[in-house]
Structure formats: C-alpha cells, structure tokens
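Structures follow.
Below, chain A partners chain B and then partners chain C, in two separate complexes.
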Partner chain A sequence: MAASIYEDFKQGHSLGSGDRLAASLTPIAPAEYPDRLRAFYHSGSGDVPDLHRTLFRNHKLKLPKQEQAAWVDIYTAYWKAAGELVKLDDGTEGASWSKVFDAWKATANALIRGYSTSSLQAWTLPCLYVIGKYLRLFAMRADAEQPSQESIGFNDDLQDDVVADFEKSAKLEEAARIMNRMFTLCLSDRAPIEDSRKWGIYSTTNLLFKTYFKLNSVGLSKNLLRALNASSADTPELEAFPKSHIVPFEYYVGVIHFLDEKYAEAEQHLTYAWKMCHRDAFKNKELILTYLVPCHIVTTHTLPSKGLLAPFPRLEKLFRPLCDCIRKGDLVGFDAAMSAGEEEFVKRRIYLPLERGRDIALRNLFRRVFIAGGFDESKNGQPPIRRTRVPVAEFGAAMRIGTHADTKSRIDMDEIECLLSNLIYKGLMKGYISRERSMVVLSKGGTAFPGTGV
Partner chain B sequence: MSNTTQSTNQAEASQQPQQQKPPVLEEDDEFEDFPVEDWPQEEAEQANGNNGHLWEESWDDDDAGEDFSKQLKEELKKVEASKQ
Partner chain C sequence: MSSGIPPWRVTASATATATHYPTHATPAFIPVQARRSFAQNAQVSTPAAPVSNPAPSQPSDSQPRKKVDWPLPVRMYVQRCFASENQISGVSREEMETKLKAVITEAADADRLSEVDWDHLPLPQVMIQNERIKSLTNPAVSAWGGASIMASPSNKRKSIEASLPRETDTSPPWRQTNHRNAFEDRVTYPKADKRQKIDMKNLSKSKTNLEMRKKRFEDPRAGYGSSPASSRGDSPAADAHRGPIVGRCQNLEKNYFRLTSAPNPDTVRPLAVLEKTLDLLKKKWRKDNNYGYICDQFKSLRQDLTVQHIRNEFTVSVYEIHARIALEKGDLGEYNQCQTQLRALYRQQLGGHPTEFKAYRILYFIHTRNWTAMNDALADLTAADKRDPAVKHALDVRSALALGNYHRFFQLYLDTPNMGAYLMDMFVDRERLSALAAICKAYKPDVKIRFITEELGFESDEQAARFILDHTSADLLQEQGGLVKLLTGKAGQLFEVARAEAHRVVDIKGQI
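Entry: the complex of A and B
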C-alpha cells in the first residue's frame, strides 16, 4: 500500500532514507493510490503554521529549527505545485503546464536554499534528483504548450523566427539554469566525503546533459566536464558511485566525444557504459550501441556480430546491410545502404562515421585482389610468398566488380591510382605505385593490408 | 483515473524495462532513468553470457576464392580492351 506524502516524509526522516523522502516529493500518484497528490492538496491550506504542525508536531518528528524551517518552505511551495497539477487534472480554467512549471521552480529554489544554507544534509540528496527530474519534464511540457492568448497578442509584432525559437524552449532554458545551480551545489560541497553532496555530481550532470542535448547546446556540456575535471582531485573515483549515475554519464560523455569526431575516446566511454549497463535496460543498451557500432567501424574496423545485434531488430536493420557490403567490398551496395538509411543516420548523427566504412569496403575489395593473386614461386624450400607486385589494371577490374560496372563503361586508371594512393595514405594498404610500370608494389611479410593477416 | 495522473504515471512506467508503453513525458531518443539505483556486477551487461563474441573482423576470407578470381579475370579483359 502506498503511503501518503506526509507518511513518506516522516518515514524518510526516521529511517534516514533519502529515497523514501524523495518519494514524498514525487509529484505522480502511484497506481495503488491515484489520489495521493489530490489528498495532499486538499488536506492543507498552504498556511505555514498549519503545514509545520502537520509535518512535525503531529508526527512527533524532532529536527533542528533551521532544518524544520527549510522543509516547511519546501513543502509550502510543493503544496502550491500540487495545486497546479490538480487543477490541470481537473481541467480548471486557466490551469496550464506553464503554471505547474513556475510552481515547481519555486519548490526547486526552496530546496536549493535549504542546501545552500546548510540546513539539509547530504543523505537527502535524492530529493534534489527527483525535483530536478520533474523540473525538466514540466519545463518541456510547458514549452510544448500552445502560447496563451495574452502572450500571442503581446508578441504580435515580434513574430519572427528568432523569437519563436527562443520562446519554444524558454522554460527549459530556465530549468537548465536552476539545474546548473543544483550541480554547483553538489560539486562545491567541502564537507567530508561521507556526508558530502559530491555524491550528487553525476546525477545532476546527467540531468544537465539531457537538457543541453534537448536544447541543441551540446557545447555547454563541455563546461560541466571542465568543472568536473578541475575538481577531480577531491572526488571519489567513478566506480564508487551507483551505476545508475555513472552509466548515463559515460554514455553522454561518449556521445559528446562522438559528435566531436573523437571516436577513440568516444569508444572508450561508450564501452564502459555498455559493460556496466543493467542487462535488462533494453532501450539504454540500444542507444549505447547506436553510437558504439560506428565507433568500432572507424577506430578498429570491426563490425558487430550477429549475436550482438540480434536482440535489437531496429539496429540490425539499421547496420546490417552496411556491414554486409563492407565485408564483401560491395561499393554499390554500400552507397545504396547509405542512401537508404540516410534519414535515420542523419537524425542519429551517425552519418559521417558510417560513411568512413566505404574506405574499409574498398580496402576489402582490393585485399581480395591481392589474395586472388596467389603466391610467387618459392625458392630453396622457403615458405611461399604472396605476389606483391600487382598490376594497377587488376585493381581497376576489381573496381568494375565493386561498382557493378556494365560492359560499356570505362574505368579511368588515374582514378584507380587515386583510390590506391588514398588507401595507402590512410594506412589501410602498405606499398607504393610504380607509375612507369603501372604496378602496385605491396609490402611483404603479411603487412600489405595491415591488421588483416596478409 | 483522470488525465494528468494517468499521463505522468505512464512516464514513470516507461522507465521500467519490462513495460513497453510508449513514453509520454520522456523523449523517444533519450537515455532512460534506471528503475533501481545500483546493481551488482552479475546484473551488468558485462556478465551477460553471450558477451564472448561481440565484434567481428570486417573482411570475409571465405568467399574470396575461385569465383572472385574468375570474375576478376573476366573484368580484367574488359579493362585491357578499353585501354586500346
């Protein structure tokens, strides 16, 4: 049976359970008690002495005076926010998400005040997480709302795109500034680590990451990383934090590097997120792989196995055609798969790294030429050595296969030389082109196509 | 149940992996909150049994044999012919 808001408050304090306390501040009604928020709202009057009596005296809860005052402040604001939610639920005229957000913002500010005046202890941090979480959700709801009549009238002359864009996420921007204060509140706490708000740094960072991504200002995330980095000396190591804090953190840091085209760093963070992620968190695992697969293609030139993608049909559909074409060296197929998936690739911002897979497809095509070339005759019983002098024309012929060229189309040998020197430059092939002989002279000793065993 | 409580409830429910309801408040491509705060290593993806073979080499030596050689020779003739 779900407890009332007051009961959770009391139990949270007597058990010293931050989660139980945070449950009290969760503005959604549990399924078993759908009227919980409504009951809270109707039981009170918003009157401070009244609330004080209900929170403390009636429950025989003894807390320092300053802390009591902080909680009364928070619950006064919370009661008003509950009222806005109830009104919205009832379809009361004038009720809106925008009003819910404003009331919730006041709750967040009261909570922040409680921490910054040192009235609240660090074990209550889950309250900060839950208030922050709903601050963001209510802000997005409010931004998605149709602007009210009066604001339309007011903005009539200013309706250009800039204003519209700004208006579109005004509440979320506001929420971001408050969440930033929450983050600073945690990061700058100098209390001994057992009772420090430092344990909240990753949780608040994750909230901000989500928000900055939504606002399309990923660049702002880097300020957070710089701040975290600057205080890393007195921060516990990552493994000491709960996995629900560090998995999203590592995911977002990975994606930030990914968008900067720093694929090796991205791969490191995403791999960590992947390994630590809860095995049943399907959606999150799918998101991690969405970026980890392109990273692998770029950095280690490896492709996802059937087993890896099997549980994720959406990813299998997204990546498999590309991977098959890379493996076969099918350039036409690769281009077709790229354009078939283009919309989704662009939306997920993975188009650029995936495009680099074309070089690998080309490498594999040329590698097959090398293998088809067989071995030179061995001398004095030495093990046979692959033929390392390959006419450019053979690579031209391979290009005809890879591009499904028809009989009439001509292959331009200069273009083939250009493709070859490009692969050599990128380290995917080792050797040089002898132009006067129209030959490619490849490196001997299993290094002609580095890392591929030949 | 009335609208608001219902929609917010669904947002919460969507964070449970076992529930597949479309999220209401959460964004489609957003990292979801985990239903629990922490979990033992045994419940992490790393401990999943099928983790042995995740990534494969990008080339395939199996079908690089006879067929390709034959095809290559044929195409080579066309390349040589077009040079003249």
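Entry: the complex of A and C
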C-alpha cells in the first residue's frame, strides 16, 4: 500500500525514519500509486501558508519552528519541481528536463540550507541522498536534451583560446558543485557522532565519484579522498557504515587506483568491495569483477576460473578469448583478441592492464620451450633434472610458432633476448642470459617459472 | 559563509523588503529594484506629490511638540523617523525632516490624521529613497518630479561624497550605468560592496546586522547552487549576447596582454590582417628563431581569433604552427594548450593535420604518464586514424613501453615521423634507465658497451658510456681486451634507483 507524499512525510517524522521521510521526496511514483506525484502537485498551490498547514497543522506534527520553516521551504521547492515533472509528463509545451533540473536544484539548495543552519537533524540524511541522486539523473537528462552537441560554444571573451570544451555537460557540472556542498555539509559536521551528518560522507562521496567519472574528470575524485583522509581521525571505522555506502566507495577507490596503474592498491579495495557486496547485487558484482579480473592478471599473473565468470556471461565473453590465448601462449591470438575487444576495453578503461597479459602469454610460450627441452641425463641415480641451459635460438623458434611467422621472415634474436630479459626482470622467469654464449641459464629446482610448477 | 543564514529568516527579511524596499543601492542591483518600484508606483507617488507644497504647520525640528491633537500613531511614526536604526545613508536629516513635514502636513490638511495607517506608512527616508530609485530608472519622471529631490541635496554633495560617489558625478547615474560595460561592472562590484560596509559602520548595530544579513542572502540567491562560477559568469554571459567584435587594427604585430576588460576593436586585428601576421611570423621564426617573441605574438594572434570568434581552417593552422614551434623549443605548457584546442577544433572537421597531432598527443601522454588521458586518447582514434603511419608509430611506441620491449622502442625512436622525436627526446632517457635496470637484472655477468649502444639507441659507445657513468660509478665499466663492458651484476640496484627517480610523476604546467 503506497502512501501519499504527505503521509510519508508525517510517518517519517513520527517514526523518526529517514528512509520513510526520503520516500516522500522521491520524485518517481511507486508502481502501486502511479499518480502520486501528480496528486501532490494538484493538491497544492505552491502557497507557503497552505503548505505549512498541510505539512504540520493537519498532521498535528510538532516540530521546532525553525525546522518547520525549513521543511516548508523544501517542500515549496519540491512542489514546483513536481510541477515541472508533471508538465513534462503531460507533454505541456515548454516543459523540459532543463526546467525540471532547475527546479530540483532549488529543492536541493533548500535542503542544504536546512542542514547548514542546523535546523534539520542528521537522521533525515536519506533525504539528502535521494535529492542528490535525482539531481544527478535530471542533470544528465537536461544535458542530453541540449539541441546541438555539434556546436561547441565559445569561451567568454576573456579567455585567450578559441574553444570551450565543457558545455555539453554544463548541468551535470552544476550538479557536481551542489553535490560537493552536500559532501562538505556532511564532512564538516562537528556534532557528536551519534547525531552527526558524518554518516553521510560515503554516500555523498559515492554520488560525486559517479558524477566525476561521468564527467571524465576522475582527477577531481582525488580531492575528495584527500579531504576524507584529512578528517579520518574523527570519522568512525569504515565497517561502522552501512554496506550500501562502503561497497560502492571501495569500488570507486579501487577503480581510481586502477586507472593510475596502482594495481596492488586497486586489488585491495576491489577485493574488499567484492567480499562485502550483496550476493544478489548482480550488476555491482559484475562491475567489480570488470576491474578485479584485469587487476588480478597483472598482480598475480593468474587467470579467472570458469566458475568465477560463469554467472556473468558478459564478462565471460569479454575475458575468455584473451584468457585462452594467454593460457596457450598464443601471441597472435592474443593480439587478435586485444584488437577485437579494443573498443569495449578502451570504453571500460581496461585496455592498458589487459595488454600486460601478453607477458603471461609469452611466459607460457617460453615455459613450453623449457618443458620441451626435457631432462639432463641423471647422474648417480639422482632424480632427473630439467635441462636448465636453453639456447636463445630455441626461444626464437618458439616465437616463430607463437607469432605464426612464416619460414622466410627473420626473427630478431636481439628482440628475443629483450623479451627474455623483461620476463626475468618482472620475475616471470628466474635465471639469466649469457650474451656471450647466446644461452639462457634457468634456475634449478622447479623455480625457473615461478608459480607454474616448473 | 553565505549559507549560514537560516532560510526562514531569509524569507522573512525578503518579505520585509517587499514593503520597505531595499535600502541600499549598488549598481548591479538597480534593475531589480526598478521593477519593484514600478509595481508599487501608485503608493510611492502619492506621498511624493506634496513635496512642492510649502508646509503650513510647524512641527519642531528635532522632536515634534507633544500637542494633544497629534494622535499616538503619528507621534510613534515621528519617533521612528528619528530612531537611529532607521536612518538610511545617503538621505540626510534635513531631507528626511522636510519630507516628514510634508507628509504630516498633507494628512493634517486633508483631515486624514486618524485615517492614515501610520504604523505601516513607509518612513520619509524610505520614501525619498524610493523616489530616487524610481527616477534612476525612469529618466522621464526625474525630469520633472524627481528634479527637486535630486537637486535638494546638491548643496551638501561634498559631505556625502565618500558614501555616495555615484551621485557626485555630473552625468546622471542611469547613463553611467548604461555606459559601463559588463566587465567594468564586474570589476567595480566588490568595491561597491566595500563602500556599503563602511557606511554600515555609521549605522546602529541592529540595522547593520539586518543589512548584512540581507546582503548575504541576496548574493548567493542570485546564483544559488551555481556558486562562484556562475555568479562570475553572469556579466560575460550578458556580454556574449552582443556577439563577437570585429577588429579594426591594421598593425601586423601586437604584444600579448591578458584581457581584463572587454576587447577594444581598435586593438584587435581582423582576419585579413591576421593572415598577413602569420606569414610574417613564419618568416621571422625562420630568420631569427626568437622563441620569446614568437610565443608572445602567437598568443596575441590566438587571442584576436578568439575575441572575433574566428574558427576556421586558418585558426587550425595557427594552433598547429604554434604547437610545432612550442614542441621544437620544448615548451610543453604552451604546446599542451594548443593541443587541447586542436583536439576540439579537429572534432569540427575544420581541416588541418589531425593524425599528426593525434600521434603527438599519444606521445605526450606517454611522457606525462597520464594513463587516464591516454585511455581517452585511444578512445578518440578511428580505424582510419590507426592506419596512419604517425598514429601507428605512436601506438607502437606506447605498446612497446607498456610491455617493456625496449628493443622495439628504440627501433621506433630512431624512426619517428614528423616532430614526434622532440617529444620522445623528453622521455627517452627515462626509458633507457628502465631498460638498463632490466638488462642488468637479466644478463650475467656482463654485456659489451656496444650492445648497450645498439639496443638503447645511443649515437656512439662514448655517449652510452657517459650515460652509464652519469647514473652509476666508474668501476662498473671495465676494459677487457680492447672492449668496454658493463658489469651488470653490480649495476642493477643503481639503475633501479635511478629508474624509480626518473619515473616519478611528471608535472607539467598547463597540463589538463
């Protein structure tokens, strides 16, 4: 049974339930009550005393005067936003997402004012989350409806250069600035922790991360991390926050490190997110794995198992061809799979780490050279030892196979040495090259290719 | 902090101003006030009318005599008039008293003393101010009705000069405002604010607080949510509607200055002149090779293009040439500015050499180790781009480095198309250190210096040796049978340290 907006408002207050209160500010009607927003809009006139009566007197809701005024402000703005949404829904001429966004922005500002003047209590924070969430969504819709994306605007005349590159997401940038104020509002609250807006820091941070990623300015996220870090002393432990806040947070922090090629840190955060993620949150798990799998390939040189990817057919399709080529040491296949998936990889920003999988493919190819080299003759009845002195030429021959080179094309032995030296340098092979003798001397005792059993 | 005012108070004071009118006037607010005063026109003009009437009755100057026939509301009204918290800067006591007399006399003459709602009647100083505001925005009115008001304080202009400099000017204030362009407004805006604050010191505390509060809320409200950027952007936006200017300057050369106000057409060169300028600059660059001069000239050239909204093939070539010159001189900050602009210009298909610069862009991001931007650069490439030799070269360089294939990297380095080598020069030493770290770990016990020279693209064994000595110590190079060898076993750690040092994040001024 879905309640009206006023009912949610009243119940939210009398139960002290932030979520219930936030439900009244959700601009999307529940399925059971599709006309909820419309009813709200038509029930009012935007008149302040009217609204005040409906919100408080009619419900016999007793709140401090300041708080009442703050809520009336918020719901006045909300009513106008609802009006814009209804008009858009009705196809009224002149209605637009842009207007919805502007009205919603006013609602967000009213809410922020309510908090910054401390007339609203911290338990009502879910309202901030809901308003922030839709601020982002409406901004994106408003940006999308801008008529021509082709014409890039001119900078204002004080700029020296010709092109302003930012206009196509002007609304979203505006939204980001408001969200930033929401974030500061939470972070800078000095109230005792039981009743502090500090509980909102991760939720608002996540919203900003999401927006910055969309705006292609991931760099700005680092400012947030710095701010969070600076106030970490009086912030509760991460575990004390709701999982719904920290899983996305850890995910984004992981991805931010990931994009900086700091794969070890990235893996740590992503693994945390992976473990804490709700088991039915399919979409989130898929997102986490999109970055965790390449991370794992780079840091531990291991490939995802069939079982891990089985529930995620899209990821299976994305990673499997590459993984098969890596396993077989098929360099040509690997290169082909990389260029086949390039567009998708670049879009998801995983091209660069996946490319490093080539090292593992190469390692696997050279490992087969080592295995094919067989064993030295055993002495004195000792168990046989693998031949650890392998001519560079043999690796050259393997390359010929691995790259499907035809018999006429020359294999550059210096390049083979370079590849070998890299594998040794990166710890994928153990041993050394003797340039004098054109010989690779691998380490004995099953450590020539660490972690692979030989 | 502007957001520190409780919203309900904001609303309260907003409604208060609706009846009492804003009591301060900075240039930027005038249009807003104008609209309000028009709406209230009738109310304002009624008390204004009797100004010309001489006052027959004589209430005392400072305090009205407590005659029995003055009803209490009137006496309260008069008291309020003289209360210090109700004084308005810019309205002198004499003016206020004259007005007060007129108002009371008019009511007494019409026998309406008991009918007038004294509790809500605007104070005389407020009336005076409203009349002024009205006359400011409506020259026709001021010509007759406002004249006396404007003229009356003329004998004491000097005394209020400091607080109201606008009124001391001989030209009417509305003209000044109109003549001012948006940029000047922007510059003078904070000054006006300061003046306001100084005035407030003369006021009583409660009045000051009220004013301050109102001001605090008025500013952020105007550009609420869009915070500094949009409030800053207000005036230029208005300016932009006027459209681009067309220059009239015929000089070929012009020094670069950062614009602080609207561009003056007399100092801006039109396209035809700019085309000649470019030819001249190209010649001068070949002849004198004076980068300081050329860079300055190109910046003014770019500025002139921008203020005239010229965006065509010529624009592209200006940016391309400036970018190439900056590359040649290793001025990466300037190069990057051009590169960013070019990226946007190429998207509009204005010609030029997109693939050449897309290749540079990739090399540039290798140098700055900006992987996020690199990913964007890759996403920008079309299939056709990837077939272009320069782009392909840059992609191969990137891939060789990503995989640590120094052999391939240095082959590519020795065969770089266009001006890419200038960019590669910037990170080639860094990559040599990486390669040496790998070589030292992988090769035992030593390698010939010739091998290093060939693998790492040095021009001579001597150059290679010098490079090694620069980062390690002399005892790592040994001569055996006429051949110089690098003792790899011992050098590894040293190169590892040098490599890490060189790979610290490159911070380039002007980088996106």
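The rule we apply is simple: the second predicted complex is superposed on the first by the 429 of 454 C-alpha atoms of A that agree within 3 Å, B and C clash if a C-alpha of one lies under 4 Å from a C-alpha of the other, contacts with A are read in each partner's own complex, and residues count from 1 in each chain.
Assume a residue touches a chain if its C-beta (ideal position, glycine included) is under 8 Å from a C-beta of that chain, and two chains touch if they have at least 3 such contacts.
On a predicted model such as this, the values are computed, not experimentally measured, just so you know.
K.L.:
Clash or fit: chain B and chain C on chain A?
P.N.:
Verdict on chain A: chain B and chain C fit.
K.L.:
For A:Ser43, select first, second, both or neither according to whether it touches chain B, chain C, the two together, or no partner.
P.N.:
neither
K.L.:
Touching A:Gln268 in the superposition: chain B (first), chain C (second), both, neither?
P.N.:
It touches nothing on chain B or chain C.
K.L.:
Mind working out whether A:Gln11 is in touch with chain B, chain C, both or neither, as first, second, both or neither?
P.N.:
A:Gln11 contacts neither chain B nor chain C.
K.L.:
For A:Ile360, is the partner it touches chain B (first), chain C (second), both, or none of the two (neither)?
P.N.:
Only chain B; A:Ile360 stays clear of chain C.
K.L.:
Using only C-alpha centres after the superposition, what angle do chain B and chain C make about chain A, to the nearest 10 degrees?
P.N.:
Approximately 150 degrees at the chain A centre.
K.L.:
Touch check for A:Ile424: first (chain B), second (chain C), both, or neither?
P.N.:
The answer is second: A:Ile424 touches chain C but not chain B.
K.L.:
In the overlay, answer first, second, both or neither for which of chain B and chain C A:Thr452 touches.
P.N.:
In the superposition, A:Thr452 contacts chain B only.
K.L.:
Touch test for A:Gln121: chain B only (first), chain C only (second), both, or neither?
P.N.:
Touch status of A:Gln121: no partner.
K.L.:
So, A:Arg279: does it touch chain B (first), chain C (second), both, or neither?
P.N.:
first
K.L.:
How many Å separate the nearest C-alpha atoms of chain B and chain C in the overlaid structures?
P.N.:
16
K.L.:
Which bits of chain B are touching chain A when the two form their complex?
P.N.:
Interface residues on the chain B side: 1-5, 8-9, 11-12, 17-18, 25-27, 29-34, 36-39, 43-48, 50, 53-61, 63-64, 68-69, 71-73, 75-76, 78-80, 82-83.
K.L.:
Chain C touches which residues of chain A in the complex?
P.N.:
Counting only chain A, the residues touching chain C are 48, 65-66, 69-70, 72-73, 105-106, 108-110, 112-114, 116-117, 119, 150, 152, 154-163, 165, 174, 177-178, 181, 216, 218-219, 259-261, 342, 346-347, 349, 351-352, 355-356, 358-359, 412, 414-415, 417-422, 424-426, 432-435, 441.
K.L.:
Tell me, which parts of chain C touch chain A in their complex?
P.N.:
For this pair, the touching residues of chain C are 1, 3-8, 10-11, 183, 224-227, 229-230, 233, 236-237, 239-240, 244-245, 258-260, 262-263, 299, 302-303, 305-307, 309-311, 315, 319, 337, 340-341, 344-345, 347-348, 371-372, 374-376, 378-379, 399, 402-408, 437-439, 441-444, 447-448, 451, 454-455.
K.L.:
Quick check on the complex: what are the chain A residues that touch chain B?
P.N.:
Going through chain A, the ones touching chain B are 19, 27-29, 31, 34, 37, 85, 88-91, 133, 137, 140-141, 206, 210, 213-214, 242-244, 247-248, 251-252, 274-285, 287, 296-297, 300-305, 307-308, 323, 326-329, 348, 360, 363-364, 367-369, 371-372, 393-394, 396-398, 400-401, 405, 407, 410-411, 413, 452.
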